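Following are the structures in question.
Below, chain A partners chain B and then partners chain C, in two separate complexes.
Up next is the complex of A and B:
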């Protein structure tokens, strides 16, 4: 690990001013960043520790929740309001990593975690455009079981590893940011970028900007929601495919539906097409499968991950089935 | 900057690159905490920081400034001997080579607190009600961050179950 300066920020203003001094990174729980620094994939000149900034979870005037970026994944997962009003978020967090890592990891850090593509990590032996722009991508013709089926480019087919972000995408959460230019808000759905020509640019964060909070709006679909993660072992593994879904049925018709997929793209993938086909329809297994089929029609798989297309279809239908009691 | 480890105050290292794990093992000689993968994959380095279980390999020592660390060395006492969970691991053969054991035990001590507090896990059927029944499945899910290459997991689960049920060793 290369040497760096370490400073702990007393408040957000101080965090921004320290970060503005040079090539610095904000440090949350460190579960991803410290590892990447040890692998010499990240080499910041300074770490600005923001893990002790205010970490409250508060109700908003509209009955939603605003969750400080420094709150740990564990604390959010077990919070009573999250368990009752946003169960897909609670389950997504509990599906991620291990208990030890959830205790350390912050909400802001979870959003900013980087891909687990093995070629991205293999500094000595592999080409990776994300790590070294222009170097090439060894995943495209390599071991790509864990890679993207949506939104990939010729430069990069990596996936975003977060479970939490899949639920936040389905919930249409808002990310609160503070930067040298002041405060702004970005929809979680617009926060991560698809790789295109520049897989090394992963988010819309501007230099020096700090994630300060995420905000959730209440809804009946959020309160009736689930998260299912399919993986190679039953716990402590990244998703092959995951589904966050919420459903509101009124008078036998789907009033509101939210579906997002994980493990399939460089960002959490909101299944807009499937949602559009389901709204106003009766909640039946046939409809669920039809909608999932339509969503996955746009998928483009590689030799190692073609199974994800069928897996994603069935998982979407199964989770929607669980939410309605329709046979899954 | 200082840190409390098993009740004793220590000054923190000047170099911020030093992990809490290396600080414990290499600078303080507290070698009970083990170095496994050094990348957050195995749980061998688990310690209890301000009451919660964390991975000391991915914690920078400076991040623990002012905090309270409990390691395997701090669990047993001169007065009462082994921690009951240490005894339960012996009773149930919850180890073979023993390398992952300090991490398993520190992890399980904190995990028992989470379970008794009613925190749900990914396998908890009712998130609002919290964990009810399915104890072995709950233990397995909650301990999934601690790998045992010898495969002593059945004994580990049995030891933790004994501790939770308050059975005499």
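Up next is the complex of A and C:
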């Protein structure tokens, strides 16, 4: 790790102005960034600690929630409104990392956490386009069990590892940003980028921009929602595949449905196609499988992760089944 | 002849000073089997309070003045030569005291290999250490940086630029099979076993199974990473190490640096888990070399990433097991073949076929294993080397056979358990695996198992039960030495260069000594953990308890002689011979005549002695040659497999162990339970991600290398038969390794019972159950 300056910001304005001074990075709980610095993958000259900004969870006038970026993953997970109105978010958070890490981790940091691709982490010994544009990608023909089946490019096949973001994608959350040019809002679905030619550019965040909050809109589907994470051990492992889904059934027909997949792409993958096939239909197991099939038809797997296609199909159908009481 | 046989026979011919007669072949059982006071009772670990308080200093915590911290730079190719080595930036980086490479490293000899013949050798990776520009495996250390802080050393290490000229490397298991070698011997057995004609038996069999089983590379992941704090004073070397081979490490370092063994002092009072991974690897040698060059003490504490580059793991295996059975289940033929990786610079066999040579009576046997040579870091021992992967294959196959026969798996085993060693004909010293099965089955509720797969389900979760046998051979090492010092107050101190890796060595030998000498626990202190103490053999092969036990018994015999001599004629003991007396109530007494007694305190006082000291040595383990000596276990598992995702969740494990007498239920249960948890890891999650293109281990952190998390570990019920082994000290056999054996098979068998899908390749990750 290279030595660096450390400053703690008292408020957002101060955070922005310190960050504007030079090669500074915001620091949340540090559970990802500090690891990356220790591995010499990141080497910021300065850290601006935004983990203690006075953030909280508030209700919005429309009955939604606005969650400050510095709130810890643990606090969000157990918040009564989150548990009752957005259960998939609570469950996704609790499915992530360990209790200790969730206590440290912030919402802002969780959104911006980077891939766990082992070749990305192996600075000394492996080629990685994300770390070093143009170097090559050792994962494509290597160990790629945890890698993408959607939206990968010839440059990079890594996945985004966040559980929380999968729920946020299904909930169609809004990310609030504050930058040198002022405030703006971006849909979470548009926040992360697919690798394309530039896997090193992972989000639409602009230099110096700070995530200030995420905003959730209430909905019946959000309140009737679940998160399921399939992994290699019962806890403390990243998702092979995860599914966040919410469902509203009115008069025997699906009124609203939200499905997002984790562990399958460089961003949380909203299953738009499956949702489209389900809306207006009767909630049956056969329909769920059909919709999942259609979504996964576009998947492209690699030698180590071909199983994910089948796994994702089954998990989508099972979670939707649980939400309607239809047997998996 | 194999190495151990050489060792034993050699040992017998030469210098065994004092051979205690009792439990050896032809002798009588150790009287302590009947005369237990504290042995067999629950005792907390004597090292517990210090560990909980943080007062126990581990190797990377030993304070030292003027310490420098080491960081390693590892090669990134498996084979070739260093052509460029730019250390300028590192040398001028803040805090850096030294950069050591093959250009300036001192001349050092290749370390002597761990062997059963030479207990003063502990080398694992028998290659030159930083002596030339050759690269021999991916991860070899090409530079060591010393700096004032660990952070400075790490940063400077990252600034070193290395260029290579790559050579063709052998890194692919499948490809290298074509050139596999067939060693003559495996541990203490001849490798090739042929008895009768298995091929004919397979053809004629009423039922048979024949399948390939695979286990992956495993890496050592003890809670304490390998580390050493090292200092030179002139030609004298001090190493605070994390080791399970104190004297082996001292002897090896002496050879490497061309000094006398007496000039090397190794201390390791506490080890945070050994499991086979804590012997001599390159880091202690490099740390000592760098300390010498820098003229300052050095701490080399390996990161998890450095551990996968420098500390070898368990070799992958590919095993074929074929079983031929008569309609009544009796085995007509047993074939166990296979491959594991063992490059020529490795000292350690992965003897996965050993169990198949003793566990079942078969009319014919065809057993042999082959080793594959790759350009990799040497593989090494890991908890139950051989037996852990071997029982997975053999016990999965037995389950497959039971299914083919439509027979209860326990019944199949009952019909095939031999009453003596099925190959050598040697009698068992003690063996009752079927009692373990009966007790375990009762506790587990085996009678509730549905024989047909996929019979039980709760929602999406398929429920299954399975069982398997675990096994580990008994071993006692010759040469283990203890000193017993008895002081004027009647307090005994036992000392030996033995090892405490968390298993309760001092705790149990304190109980043993108290019972042996007729003392209360408070009157015994056990001092272990450094090479200033009498010679200790390694803590490996589950041998330490028996070896120390034998040495303490031998010393107690000498103590009796010495005390009788001191007592002279003016004592109720006058005229008695050692065979006529026993230790009791802090003194000696004539057997059968309680009035003829004198206390230690009185004897020493009259002789005007502050203390007396005797030493005892573990004799040649003749019992191992004469008897078939194995611990066995019956492992039961109930689990759930998601019919949707293929995730396996172990719900319950029961292990019933037939390991001779249990000396301390608390420490024993911890050993068994810990082993079984490791078995869960082996079954479900553990796999080192070895990149066959480059020979590089990609799971270089414990986020990537999955050991079981709390949620993976269910209730584990432990019980034991507690039948004394009349051929061992205290009637006990080692218990450190057997816990892991059989567990992977029991879990895989239960998963088959749940799903109807037989997975023959570990670990049992969800994807393996997805496709029917």
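Basically, the second predicted complex is superposed on the first by the 328 of 328 C-alpha atoms of A that agree within 3 Å, B and C clash if a C-alpha of one lies under 4 Å from a C-alpha of the other, contacts with A are read in each partner's own complex, and residues count from 1 in each chain.
Everything that follows uses one rule, which is that contacts are C-beta pairs under 8 Å (C-beta built on N, C-alpha and C of every residue); 3 or more make two chains touch, one makes a residue touch a chain.
Keep in mind that this is a model prediction, so the values were computed, not measured.
In the superposition on chain A, A:235 makes contact with both chain B and chain C. Touch criterion met: A:100 reaches chain B, while chain C stays clear of it. In the superposition on chain A, A:143 makes contact with chain C only, not with chain B.
Touch criterion met: A:119 reaches chain C, while chain B stays clear of it. Touch criterion met: A:310 reaches chain C, while chain B stays clear of it.
Overlap of the chain B and chain C interfaces on chain A: residues 1, 3, 38, 234-236.
Residues 1, 3-6, 8, 27, 29-31, 34-35, 38, 47, 49, 51, 74, 77-78, 80, 83-84, 87, 90-91, 94-95, 97-101, 103-104, 229, 234-236 of chain A touch chain B in their complex.
Taken together, the chain A residues at the contact with chain C in this complex read 1-3, 38, 40, 116, 118-119, 121-126, 138, 141-143, 230-237, 240, 307, 310-311, 314-315, 317-318, 327-328.
Of all the residues in chain B, the ones that touch chain A in their complex are 15-17, 19, 38-40, 43, 46, 52-55, 58-60, 62-63, 65, 107, 110-111, 114, 119-122, 127-128, 140-142, 144-146. Taken in their complex, chain C has these residues touching chain A: 73-74, 76, 138, 151, 154-155, 158, 459-460, 643-647, 649, 684-685, 689, 691, 693-694, 696, 698-701, 703-704, 706, 708-712, 763, 765-767, 770-771.
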